[in-house]
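The structures come next, written out as structure tokens.
Shared between the two complexes below is subunit A, which has subunit B as its partner in the first and subunit C in the second.
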Partner chain A sequence: MSEASLAAAEGRRSGTETRLGLLCLAVLVVLLFLAPGLVNPGILFVIGMTLIQAVFALSWNLLFGFTGLASFGHAGFFAIGAYFTGAALRYDFHLPFLAVLAVAGLLGALVALAIGVVALKRLTGIFLAVLTVALTEAMAKIIGFSPALGEQDGLGNIPRPVIDLGLFRIDLTHGDDYYRFLVVATVLIVAALWWVVHSRLGRTFRAIREDADRARFVGIDVARYRVISFMISGGTAALAGALSAPLTRIVTLDQVNWLASTQPILNSLLGGFTSFWGPIVGSAAFSTINYFTRGFPGLSEIMVGGILVVVILVAPTGILGLLGKLRRRALGKGGRK
Partner chain B sequence: MTGTPLLTATDLRVSYGAFEVIKGVSLSVDAGDALAIIGPNGAGKSTLFKALTGEISCRSGEVRFLGKDVTALPAHLRTAEGMGRTFQVSRVFLELTALANVIVALESRQRCKKRGQGRWWRAAPEPALVEEAGHLLSQLGIAHLRHEVAATISHGDRKRLELALALALDPLILMLDEPTAGMAPADRMHIVDLILSIRAEKGVAVIMTEHDMDVIFSISERVMVLNYGEVIAAGTVDEVRNSQTVREVYLGKDMYHAEG
Partner chain C sequence: MKRRTVLKSFAGAAALLGMNATYLRAQSGPIRVGAAFALSGVGAPVGKQMLAGTEVAAMQINKAGGLLGREVELVIRDDKYNSSESVAVARELAGDGINLLLGGSQTVTALGLAPLAPELNMAVIIVAAAGMPVTHELFNPNIFRATANNYTQYSSLGRVLIEQNPDVRTWVSLAPDGDFGRDSALFFGKAVEKYAPGEKPTVLDTIYTQATATDFRTQINQLMSSDAEGLYIGIAASAQISFFQQARSVGLYDKFKAIGEVGNGDITGKAMGRNTHPNLWSVCHWIHNAEPFASNPVSKQLFEDYVTLKGDEMPSAQVAAGHRAAMAIFEGIRAAGSTETEAVLAAIEDVEFETVGGPVSFRKEDHQLVNTNYYSQMGPSREDPFFAFNKVVSIDAAEMIEPATPGKPFDISELPQ
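Presenting the complex of A and B:
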């Protein structure tokens, strides 16, 4: 069954497995930290972008996998964060960088709140999908005509920030320092989202995903919790965008189009939307495929398309769903316990 | 017992478009009462249920719960006030385990009652709630299924789980929409026993719709007969059983006269 069930909360997964999982995670984080000394700058950049895509995909999957809502214009939230941070650094808003990140996340959440309040009763299904696409397209048009945001050319020459904590300064402008900051930020965001999904709030979201009517009849204010989920998701997507701007040092309209909106969807489906970790695994897999097919223009699109068809037809629960099935088979249980 | 009835509906009217489905129905249920609403298919039983629980809004009329006007209150707030409900085709949170289903309901109750959650930063459910959920499951005879995912448990057990969800919020009234629909006769009687024991233990009032007369007669003291959105008879089980109009509706007019 899906990892998304309350298995962990009920201690159904054995202690050894949990410890093994935590160990793997720790090793991964250490490797990510050491990566600047292990790989060339090109690959390091790809890893950095993968971390950002992973956070972005996690934000989308909080909606889809855990609350049962689908946003097809999630790039809009990402762009809010990216453009705000880009502008804040480039035009020097006199805000500490951590505050810039916080404001970016808050902006994303506020836009989600506004959409939620306007569409409170219809925050489901095709209506939300179309609404998010429309708003994102509108945003792209507005940015395209804003000279301060670089119009069609994008906002370039974004400087990397210096974090001033009063007692000491962390200079992220040199070498791989920003990358290391990105690793820390990603770990913190992933931890926060893990908490959301596995907390009382996450259980409420899942109940709404399973059956909104039944949820109402256990006293859950469905509309309110859908908006809360949408706000956390929008805020996190904006945060992912905010983290991306200093890494790429340019923000362009490519990050606001519908193709950018499909990226977190593809990553979540590939990795497995029923699992919390699925979007991260999917992002990593996608980046790997892209990296190894980069020399063949057009091939990566075909590969990506082909893999998606296979995933949807053969393993609708993605890589992690497939691995779970194999694991159960290896344990000789044939199916669920 | 105070003078105020638990639940009253006054001249409820519900329309789907131009078509009036409920044409001025009134009813009253006291604490601990059991009322069965019967009637042929399409009589408006389920619609009346939805109007009482707040799933659909009424065109006119008034619903009062504990003396308070709840006509404009959405379903989740009526639930918080103490109206529990089950569905004709049982509805539970399919991908969650039986235990998790009940935990979600208990956590919602905590929220409804504005009871703070101790140690909110802990992601796992509170041990006290897990224990209470387990207790509720064993009360309904499905403790052995606690770690089963709801989608994999049988029809009858799912009905029990749904009852557990409704009971988790300490309801004052249980609204049961065909509690034994689609069940084997033996299973039916289990559910009846269960409902009777819940009533005996917690003094919960019950409103139910049902087709099976044995089930109705074992649970309810009072019966209301609905036909084409109107109440055509109401009273004790015996009164309704002997009513001429009810016989006509159920058996057909001609048949009734032929029998004679």
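Presenting the complex of A and C:
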């Protein structure tokens, strides 16, 4: 067979795989939307939290996987969104819920911008890690001393919102309705991030990740694009936090500590940080392990820790990387290059 | 008949049978009660002891023939000392048909559970969360708090300390820098001023530290240079032990004639042994071999059954908290003659039941436990384990409880000082 026909066959296979992938995604979204009628409220809540964790992990991986920056205090951005939305609903800021979400995302992006401007030249490596950890610690202190934000007890009794669109109202006060809204919001955020990653902007981020000096040499303003990536990441993390507040109906300092910051890192590593979908797969895997070990206190942590060790040693590119490797081997394209 | 009609009929019949199966299982199988405690993470040492008390209570009920002719089955879950996890657990249990729940072993998890109970149509017994919002701004008819709240607990401790040590005229608090620390120090200090015989004593400004601190040199220096002779310590667990070890070596024991502590009790005693402060007062939940607990039949039985179940002859005081909360829900079911949420909630409002510390009931307006609170005095001993409880003093919560204001935040400045 000639090289041209091989390439054509490869192209056809790739097209079929893309169509199959899209079909699987569509089925998954439909199943997620129909989940309230299929599973009990406990599992539904776990699925809702998984969606939020998936968005949170995607926001972290935009920095790490696609721009080559590591944030170890990403929970600070999540908390900005969660506490702002919690306060806006609890104290009735007279803002439409969609505006509350937009402001929450904007706040996260602005804080990221502030950090980025402070450390414009050094928005990389240990400097960024230290700054983001400092942000989280500072936020925890501020919240801990704010009676309006519930201090150490957390901000509880957060009401679920009603979206008033003028012509009609969407009442999200019932658990299942808010869950459906969450599914729609997650799909939109994931689609937006997918577009970012696969756009010219995303290619610029990847160029910086691969070699910042070379990117600078070809005319890319590395510092500016790093700040843009950081802003999108911070804004998305804040949006994830904003979506979580009406679901859990309480926001606490548990969401503003280093342990919470490790969650998107674990999810991304588990699922595979080299793939766009890796953080989503990691979040789903993490939640599944947690759910099926719920009757055995401490076991889920041991299992997740053990799996992570295995993933790092055997498949550093995570579950998706491992599956890809197995698939290539099955198709006869295995072997190291 | 059309094929679609036949399929619809089959689907309808299947749904009906499924519903009946669930209903029958709920009515004839064991009574399933959810038990969500902190079983991993930093809250685990306390949560596991509370769960042990709850397990003993279920064992006692089942040994006596169960409730309503049915066995009691605990469905145990780990809330990981995390509010989100406590919400997830409650939703999962509700989805599994469980409508009776013991949870909230700490305030942070109770605050997640409380607003959820009406939505899930659950009757929730808050086991040990003492934060004020539970029976104030977060109150709803589906929750009962089976422990004294912070105001009752720490104002009672302040009253005991000043009544037992009237010669100590200047007091100071060392508390963790957070709302619990600030509140408990405030309640303690106000009570010292209010219940002091004769002239009003001086209560100095609270000295703050971190709840998990390990180095107290700065705070000890502040305490040593103050005029105070009486001290309240709001830090708990291993941090409190570190404080005593560091404080003793610089002569703090000689300076302070009386010390009240947050509730470590025998944990501090076992750690300090012969080096226990000679006049150390603790919030006391249960000491199985000290009066008035030693002669209380519920206490005796709890100790025996705990030893049988766990093989440990030194139960923690927290075991009694888990036992008390479980008995509240079991007595509610017994009195209601039903496991339906509404019936159990109504019955718990009226029940009075025996605990290791005597009879208890719930205040109807805000579902706050009304009980007798105990405070123990300990010091060093020559015999193993080299510390001893010398005295236990009780205060009826009815004397120290704040007025019920369900739905409104608690404000100490509104109380008569």
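Note that the second predicted complex is superposed on the first by the 320 of 337 C-alpha atoms of A that agree within 3 Å, B and C clash if a C-alpha of one lies under 4 Å from a C-alpha of the other, contacts with A are read in each partner's own complex, and residues count from 1 in each chain.
Definition applied: a contact is a pair of C-beta atoms (placed from the backbone, for glycine too) under 8 Å apart; a residue touches a chain by one contact, two chains touch by 3 or more.
Keep in mind that this is a model prediction, so the values were computed, not measured.
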item	value
Touching partner for A:Arg249 - first (subunit B), second (subunit C), both, neither	second
Touching partner for A:Val218 - first (subunit B), second (subunit C), both, neither	first
First (subunit B), second (subunit C), both or neither touched by A:Glu151	second
Which of subunit B and subunit C A:Trp195 touches, first, second, both or neither	first
Which of subunit B and subunit C A:Gly42 touches, first, second, both or neither	second
First, second, both or neither for A:Thr204, with subunit B first and subunit C second	first
Overlap of subunit C and subunit B interfaces on subunit A (superposed complexes)	none
In the complex, subunit A residues that touch subunit C	39-46, 49, 144, 147, 150-154, 156-157, 175, 248-250, 252, 254-255, 294-295, 297-298, 301
Residues of subunit C defined as touching subunit A within the complex	39-40, 44, 76-78, 82-84, 87-89, 91-96, 107-108, 111-112, 114-116, 119-120, 131, 133, 137-138, 177-180
Contact set on subunit A toward subunit B in their complex	1-2, 4-10, 12, 194-195, 198-200, 202-204, 206-207, 210-211, 213-222, 336-337
Residues of subunit B that touch subunit A when the two form their complex	53, 55, 74-77, 79-80, 84-85, 87, 91-97, 99-100, 103-105, 107-109, 111-112, 117, 120-121, 123-125, 130, 147, 149, 152, 165-166, 168-169
